[in-house]
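Shown below is the structure under consideration.
The chains carry the letters A, B and C, assigned in the order they are written, with residues numbered from 1 in each.
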Amino acid sequence: MKTHLWLLFLKMTLKILLGDLMKTIKKDKIAKLLDFLADKYELFAPTSKDGLVVSFERIKEGKQAKLRFYNSNEAPKKLFFPQSETLFSYSKGGRETVPEPKTEQQRIIFGLKPCDTKSLSLSDKVFDTTDFKDPYHTQKRGNTIIFTLACNRPQSSCFCTALGLGPFLKEGADVFVVDLDDKYLFEPITQRGEDLLKEIPGLEEAAEKDISYAKELAGGVEDKITTKIQLDSLKEKLDKIFDESVWDEIHQKCLGCGVCTYLCPTCHCFEIVDEQVNDKGKRIRIWDSCMYPAFTLEASGHNPKPTGKERMHQRIMHKFNYFVENYDEIACVGCGRCLRNCPACMDITKVIEQINNLK
Amino acid sequence: MNNPYLPIPVRLNKVTLENEAKDLKTFDLAFVNPQDVKAFKFVVGQFAMISINGIGEAPFGIASSPMNGAVLQFTVKRYPRGVLTTALHNLSAGQVLGLRGPFGNGYPVKELESKNILIVGGGFALTTLRSLANYVLHKKNRAKFGKLTMFVAARNPGEMLYKEDLKEWSKRSDIEVIQTIDNPVEGWKGKVGYAAPVLKELAPCPENTYAVVCGPAIMIKTCLFVLFELGFPPERIVTSMEMKMKCGIGKCGRCNIGSKYVCIDGPVFTHKQLQELSGEY
Amino acid sequence: MLINEKQLEKENIIIIGMPCAGIIDRKKIYAYLGGADVKQANIENGIINVKGDGFEEKLNVHDFLHDSCLACRYRNPVLCDILVGDEIPEVEPKDEYGKIEQLEEKSSKERWQYFSKELSKCVRCYACRQACPLCYCKICFVDQSFPTWFGKSTNISDTFSFHLVRALHMTGRCVDCGACVRACPNNIDLRMLTKKIEKDIKELFDSEAGISIGENTPLASFSEDDPQDFIG
């Protein structure tokens, strides 16, 4: 009798240690799983209208999700920090202000890549501060459960590993999902991820071979990332080179179009404007870019960053120096959106190499 | 959750025209809701974001002392290209505006205790310096500080800001007031000359003294040079920076000098801190 | 164009020109390959060799040229002091206004829907404006605050205003370089607006932008026999 109980206890402990909480679902059933989630939550998943350009949108049906993709064209930051967001509205000759109603609805984002998931943690450092918590961003973050999808096929423009991240990074996920060819493996990372998995019908226990296959995929994928850059001493280097003529060279090709900042998952600069029609109006927050000349233009006409050179300097410094100084992390996740979309074919990895090579 | 983007309603009680060129006005703002009065605790040198719904929002240094907290005063210069400043200058008493704040780090009043304070102000940058002077002069505080010198420069007597305050201060024995104008004007009894050479002539003693300098860039630059020559070390030269701001709370990314945001790490910096920031200053 | 608009003085510059047979539209290749990740590519004798994980293809350069290159009449520089390389034969564009004509035939409701769909993709990044060689205003109308002409958010009405007004500002000036479309991160076909205006200008005023020095753009000049039948 005692032996029997002991064996049971051992079995349970082993099950937990061996990832008994992990579940799997066959690929042909994923649409139904997503249907289930879409019924109970606001579900966001990668979709594609033309079969190519992927974008994270709200879906009502699981079949709308496109789960085999490199990455979305636009960064999913728009789900937490939309291009235009009303801060409050006002009426009655501008005297009464009415704060925007808070979003109560629970949301799920399914299929976020590890780089984008990490970018959310980075943006938290800006928006979720003790002194001045940003209610719009933090509320959405609190209401959203994230299913991070591991990246089995990094693109040639990806370089997350150079930043100490990786295609199988679980940081920031509530549930970590791995594509095992014929099925998906779900690993709960947080308590609410685990609780949610318990709600979902039709999940199977993960088999040993599933778990080990996932490990195998994780082991082999980092080699697929071919862009390698050194970031160890970059901050120190950047500290010293404000006046160097290298900045003249670096900014020359740049058009100042701002596409890099708009597509970047960690860029968070914004502008606040009032828009009014007759007696009703609202104060809204809209994306802005440090690459625009008017970004720092003062009413007196003075502009502390008058040319593209200062603005390019600002962008690189902010991501690889200032953010590091303030938060001990680089504000870049290596997603490659900036270099894929730059109309002048600028490449931030080449800029970093150029800086690293300075004596 | 306290929403730092929502403005508190304030009523414009009084508008005072400050200069002959008619582009500087002081606004007295009072909180519409009594609970906001108690909640708004600020230190000298902080600023607030003032907005008019439908027009816009901008940062302005608080010109009144925290010792009389019920009414806040701001002095605003109207810029022809400034949408908000122009709208503010067209307001009349009774209208309601929005206020967010207090923001920023303020002057290091604790550090200034038992030190001498040399205030160097030019043009309309005198706003928060006036707040500092009135704070130090308040009977509850005066004993904590050493000698107080107020050195003010303006283009001509008509452009001198806070004429009433200057008059009152000049009568007191616990503050020395020196005023200078660019060119001689009949009837002017103060000094004549640009700020830097007059400051050099005055040769204030740097011992145990902090210099608090605010003014147009060229004035700051030339006066800094004089202060260095006189022996003021960079950690005892304090200044208040200005940048275009939108959020005022360190999130919109535009007001940084190096890794510091002027709205949360500043606007007050010692010269030593500025020298250490990325070379942009 | 920039010389005609007095932004540059011909005497102060030396123009080094080279003939251009067109640039490749990466997005067309991407679409053709179904989104596959191209790891290597080169061009040899009119063939683009693309290689990626598990695939290798040879593509005909002409099939993947940018739309503005397919409509180009002036492959040799219309003005230069030094020509690098030999002149290449000019090609009559096969279907210069085909897509425009198709749109013209649609009803006004259908056209509205088409543009609403396209422009709803716009995130107001202004890359099109920055990339455009002829957008050189010190302060663009969208950035003006005195007065504020229209809003900066992605409200569709404001977005429409931006693109329509910008297209109108390009009237008689746009040379169809295609930089705006290449710069757009969301693949909005801005040439549907600018090419249509180019077609109208050609038909109404028999004028083409940037072909010769000294020509005034139609909207910057007035002649008594300018067509007037479209004035109501």
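Simple rule for what comes next: a residue touches a chain if its C-beta (ideal position, glycine included) is under 8 Å from a C-beta of that chain, and two chains touch if they have at least 3 such contacts.
Remember, predicted model here, so these are calculated numbers, not experimental data.
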Selected pair, greater C-beta contact count between A-B and A-C: A-B
Chain whose Cα centroid lies nearest the overall Cα centroid: A
Farthest-lying chain, centroid of Cα atoms versus that of chain B: C
Cα-centroid distance, chain B relative to chain C, in whole angstrom: 51
Euclidean distance of C-alpha centroids - chain A vs chain C, Å: 33
For chain A paired with chain B, centre-to-centre distance based on mean C-alpha positions, whole Å: 41
Chain B residues counted as touching two or more neighbouring chains: 56, 81
Multi-partner residues of chain A (at least 2 other chains): 271, 273
Contacting residues of chain C [partner chain B, same complex]: 145-146, 148
Of all residues in chain B, those that touch chain A in their complex: 1-7, 9, 51-58, 79, 81-82, 85, 96, 98, 217, 242-244, 246-247, 249-259, 264, 278-280
Chain C contact footprint on chain B (complex, rising order): 56, 81, 83
Touch list for chain C against partner chain A, complex: 30-31, 34-35, 37-39, 52-53, 123-127, 130-131, 139, 143, 151-155, 179, 182-183, 185-187
Chain B-facing residues of chain A, complex: 87-88, 90, 94-95, 97, 99, 126-127, 129, 131-135, 138-139, 239, 242-243, 268-274, 276, 281, 283, 285, 288, 290, 295-302, 304, 310, 314, 317-318, 321-323, 325-326
